[in-house]
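What follows is a set of structures to go through.
Both complexes below contain chain A, partnered by chain B and then by chain C.
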Partner chain A sequence: MNLFSPIITGIFLGGLYAVIGLGLSLVFGVMKLVNLAHGAFVVFGSYLGLALLIAFGLDPILALILIVPTAFILGYCIQKFLVNRAYQLGTEPALLITYGISIILANLYQQIFSPYFKSLVTDYSVKGLSIGPYSVPLIYVLDFIVCFIAMLLLHWLLNKTYIGLSIRCAVQDPVAAKLMGISIEHVYALTLGISLSFASLAGVFLGLTFPFNPVSSFTYLFIAFGVVVIGGLGSMTGTFIGGIVLGLSQTLAAYFLGIGLQTFVGFIVIFIMLAIRPQGIFGVKE
Partner chain B sequence: MPGEPLLKLESVSIYYGNFCAVKNVSLSVYEGEIVSLIGANGAGKTTVMNAIMGLVHPAKGSIIFEGKRIDKLDTSQIVSLGVSLVPEGRRIFSTLTVYENLMAGAYTPRARAQREQMLKRVYDLFPILQERSKQLAGTLSGGEQQMLAIGRALMSNPKLLLLDEISLGLSPIVTLKLYDAIRRINSEGTTILLVEQNVRQSLKISSRAYILKSGEIVLSGYSKDLKDEEEIKSAYFGV
Partner chain C sequence: MFRLNAEYILLVILTLIMALLPVVGIGWYTLHVLFLFFVYLALANMWNLLAGYSGLVSLGQPAFMGIAGYTLAMLLWFFDTPLYIAIPAACAAATAFAAVLSIPLFRMRGFYFSIGTLLLNEICRVWFNWWRPIPVPGAPVGGGAGFGIRSGLSPISIYYLALAVGIASIILMRFILGSKLGAGLMAIRDNERAAATCGIDIFRCKLYSFLIATFFTGLAACVFYLFQGHIEPTGAFSISWLNVMLMAVIIGGISTEEGPIVGSAIVVLLSQLLPRYAEYSPLILGVLLTLIITFTPPGIIGMMRKTRLYNAMLKYLSKPIT
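And then the complex of A and B:
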C-alpha cells in the first residue's frame, strides 16, 4: 500500500481548505454572522481569474494583484450598503441577505460562464514535483505555501496594524471601541472585505487545482463550515488543523473507498465532530 | 465667565422607550474648568455622559461643543472633535496588552499623528502603565485598570475629558491618587466634566457643580458654596 500520495495531497489540500475557513471564521468571530455567501465568494476568485485569463491571457497567480483588491472592495461595499443595514434588525435578516447574495452570484456565474465545469489551465497547473521516489502535483505544493502566506498575513493584519486593532477592540467591547473613535460599521465592512480577499485568494488556487462550476459555491461553503466545525471557531491554529483533517479525510477516503465517497466521508467526519465535540478541536465551549 | 462655553447642554431630554431618564437638563462647561455632576444611583448622570458622546441621542434639546451641534453626530465623529469619555466600569480591553489599549485610544487620525507624544505624557502621568505595557490589561489591579482607562482616553488628546465614576470600587488611597492625576491633567490644559456619587471628593476638586436628581438638575453653583452639606443632602435624598 502506498499511502504517501493521499496523505501528502490531503495535507496540502487541507491547507487550502484552511484558507477558505479563515474568512468564514473571521466574519463569524467579529460580527456573529454566518456568511452563507462565503462559498460564492470563493468561486468569485476562480471566475474572475478565469475571465482575466481568457480576456488578457493574464496568469491567475499574477492576476491576484487585481483579484484580491476587487474582492476587498466588493466585500466592503456589500457589508456597508447591504448587510450593515439588515444588521440593525438582527442577525437573521443579515443571514438571509448573505443567502440571497449567494444565489445571485451563483446565477450570475451561470449566465456569464455557463453551468459547465471550467478550470484555470496554466503550464504549472499540470506539472509534478518529485519528492524522493514520489511525485506530487506542483499546484498542491503551491496550495500549501499559500496557506502559510495567508495565515501569516492575517496574523500580521490582526496583531500589528491599526485595522487589526480596531477589529479586536470591536470584538471585545463594541461600546468601548466606539469611545475610541472606531466606527463599528466601518470595522464590519473592513472585516467582510478581508474575508472576501482571502476567499478569492483561495478561489484562484482552487481553480488551478480543481475544475469548478457555479454549484461549487455551495460545495465550498460546506467545506468552509466543515473546517470551522472541526477546528473550532476563533482559533487560527484550529482552522489550520480543521483544514488538514478535512483534506486528509477526503483524500484517504478516495484512496480506500473510491473517489465517489470522498465528500461523503468528509461529512461523516464533520458529523462525528459535531456529536462528540461541537466546539471543535481548538474551540472554547461557551 | 467670559465667552462661549466649551460644552453646552440646552434643555436636553433623553428617553429609553417611554421612560424619561433625563429631563430638561441644561449645563455649561467652560474651557479650563473642572465641573462635577453629582447625583445618586439612577439619577441620570451616566445617561448625560452617554448623550454627550453620542451613544444615546436626546429626544429634545441640543448639545453644543465649541459652538457646533453634536447631538446628531456619531460617537467616532465626536471623539474626533476632541471629546473623550472614561466610561463607567472602565471598559478596558482586557485581552489586549496595556500598550495596545493605549494605542486604541489614539485611533482617530488626529490622535494617531501625535501618539508618541501623548504616550509619553500618559506614561509620565502613570509610570506604572509603562512598566506593565506588555501585560494583558485584564491582569492589572482595579486601580491600575482605572489609570489605564484614563490614559487611554487621554491618548486622543481631548479638549474635554469626561470621567464617569472613576472612584467606584477603589480604595480611598487609590482614589486620592487618581484625583491628583485629574488635577494635573486639568492644569495641563484639559477641561474636565466628572460624574460622581462621592459628593465631598468631587466638590473638593471641581470649581462648579450640578446636582442631578431623578433626571433633573435641582441645584447648581460654585462648589465652595455647595459645600454646605445640608443643602446637598436635601437635594440628594429629597429630605
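And then the complex of A and C:
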C-alpha cells in the first residue's frame, strides 16, 4: 500500500479547492446569499485564459494581470445591475437570479468554445517535481503556493484596507453602516467583484491542472460549496481545512474505490456535512 | 369542492379538444409539441407546489425523475412487468427515495435545502454512471448505464397518457390548494413561526407536499421516458430538466395557479418552435429568466392580474387561490 502519492496530491489539490471556496465564502458571509453562479465564474477565468492563450499566445499566469481586473468589473456590474435588484425582494429571487446567470454563462461558453473538454497547456503544466523517490506534478505545487498567496491577499484586503473595513461594517450591521455614509449597494458590488476576481484566479490554475468544459461550472460550484460547508463560514482557516478534507476525500476515494466513484464520495461527504453540521467544523451556530 | 362552474366547463372542453386532436389527424410535429407541453406542465405544476406554495425551493427534482425513469426501465427490462404495475411502482420508488432522503434534507433550512437537493442530481448521475447492473462476462463492470425502454405503446396512446397527467396535475393543484393541507402550506410559507403557533404541523405539511410533488414528477418522467424509449444517466439527471420547471414557473408566475400553464407554453414554444435557433434556446430562456426576476418578479400572470381586462375575465371564473 503506497498512500504517499494520494495523500500528497490530496493536500495540494485541497489548496486549490480552498481558493475556489474563498470567493463563495466571502459573498455568503457578506450578503447571506449562495451564489449559484460561482462555478460559472470560476470557469470564466479558465476560458478567458484559454482565449488569451489562443489569440495572443499569452501565458495564463501572466494573463492574470488582464483576467483579474476583467473579472472584477464583470462581478461589480452583475451585482450592481442584476443581483442588487433581486436582493431587495428577498433571498429566493436572488438565489434564482444567480442560477439564471450561471445558465447564461454556461451556454455562452458552449456557443463560443464548444462543449468539448479544453485545457490550458503550457510547458510547466505538464512537468513533474520529484520529492524524494516520488514525483508530484509541478502544477499541484504551484496551486498550493497560490492558495497561500490568495489567502494572505484576502486577509490583507479585509483587515487592512478601507474597502475591507466597509465590507466588515456591512456584515455587522447594514443599517448602521448606511447611517455612517457607506453605500451598501456599492459595498455589495465590490464584494461580488472581489469574489469573482478570486474565482477567476482559481479558474486559471484549475485550467492549468484539469481539463474543463461548460458543465464543469456545476462541479466547481459543488466543490466551492463543499469547502465552505466543511470548513465553516467566515473562517479563513476553516476554508483551508475544508479544501484539504475535500481534496483528500477525493484522492483517497480514487485510490481505494477507483476513479469512477471519486466525485461520488466527495459529494456524499458534502451532503452528510450539510445534514449534520451545516455551520461547518469551525463554525459557530447562529 | 367540485362545484360546477365556468372553470371546470372550460377545462373539460379544452381537454376534449386536445383528446380529439389525434383523431382528426393532426400532424405528428404538433402532437409532439403538445406532448412536451403536457409533460412540462405537470413538472412545472409540481415545482410550483414546492417552491411557490410550500417554500421548498427544491433543485433536486431531476434526481427523482431519473430514479422513476430508471425503476421503470429496469422493471420492464428485467421482469417484463406490465405497464399498469410498472408505472405506479416507478413513482412509488421515487417517492420512497424522497421519503428516506427527507430525513437529512428537512434538517437543512432555506438555501441549504436548495444546495442539498441540487447535489442529489450530481450524486445520482455519478452513481448511475458507475453502476452497471447487467453482467458482461470478462469485464470488471457490466454494461447498462443506459437502458432501452420497450413499452409497445403507440405514440398516440403515450400522448393520451401525457394529456391525462397534465390535466390531472391541474386538478390536483386545485384540490390541494383548496384543502386543509394547502391552507397550512400557505400559512407556513407566509410566516413559519406564526403558523406553528396556530397549531400547524410544519414538518408533516412540508413532507406531504414534498412526497406528492415527487410522486407526480415521477409520473411525468415515466410518461416522458416511455416516449423517448431509452434512458441514460447524463440526460436523466440533467440540470436542463430543472431549467424547464424553473423557467416555466417563474416566467409564467410563481405562486399562481395559471402561471405554470402559460410558462410551460412559452418554454415549449421557445424550445421547439424555433428549430433554427435550437442551440440558443437555453440562452434565450436564461436571459428571459434573469430579466423577469429583475424587472417583473411576479411573472407574466402576476403582471396581468394588475390589468383590468384580466380581472374582468376572472369574474366569470372562481377566485384564484394565492
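We adopt the following convention: the second predicted complex is superposed on the first by the 284 of 286 C-alpha atoms of A that agree within 3 Å, B and C clash if a C-alpha of one lies under 4 Å from a C-alpha of the other, contacts with A are read in each partner's own complex, and residues count from 1 in each chain.
Keep this in mind: a residue touches a chain if its C-beta (ideal position, glycine included) is under 8 Å from a C-beta of that chain, and two chains touch if they have at least 3 such contacts.
Keep in mind it's a predicted model, so treat the numbers as computed, not measured.
Of the two partner chains, chain C is the only one that A:Phe264 touches; chain B does not reach it. Between chain B and chain C, more residues of chain A are touched by C. In the superposition on chain A, A:Phe222 makes contact with chain C only, while chain B stays out of contact range.
In the superposition on chain A, A:Ala86 contacts chain C only, with no contact to chain B. Residues 53, 55, 74-76, 79-80, 84-85, 87, 91-96, 100, 103-105, 107-108, 111-112, 152-153, 156 of chain B are the ones touching chain A in the complex. Across the complex, chain C is touched by residues 34, 36, 82, 85-86, 89, 91-93, 95-97, 99-101, 103-104, 107-108, 111, 218-219, 222, 225, 260-261, 263-264, 267-268, 270-272, 274-276, 278 of chain A. Only residues 51, 57, 59, 104-105, 107-112, 114-116, 118-120, 122-123, 126-127, 129-130, 239, 243, 246, 250, 279-280, 282-283, 285-287, 289-290, 293-295, 297 of chain C touch chain A when the two sit together in their complex. Contacts from chain A toward chain B in the complex involve residues 162, 165-166, 168-169, 172-173, 175-183.
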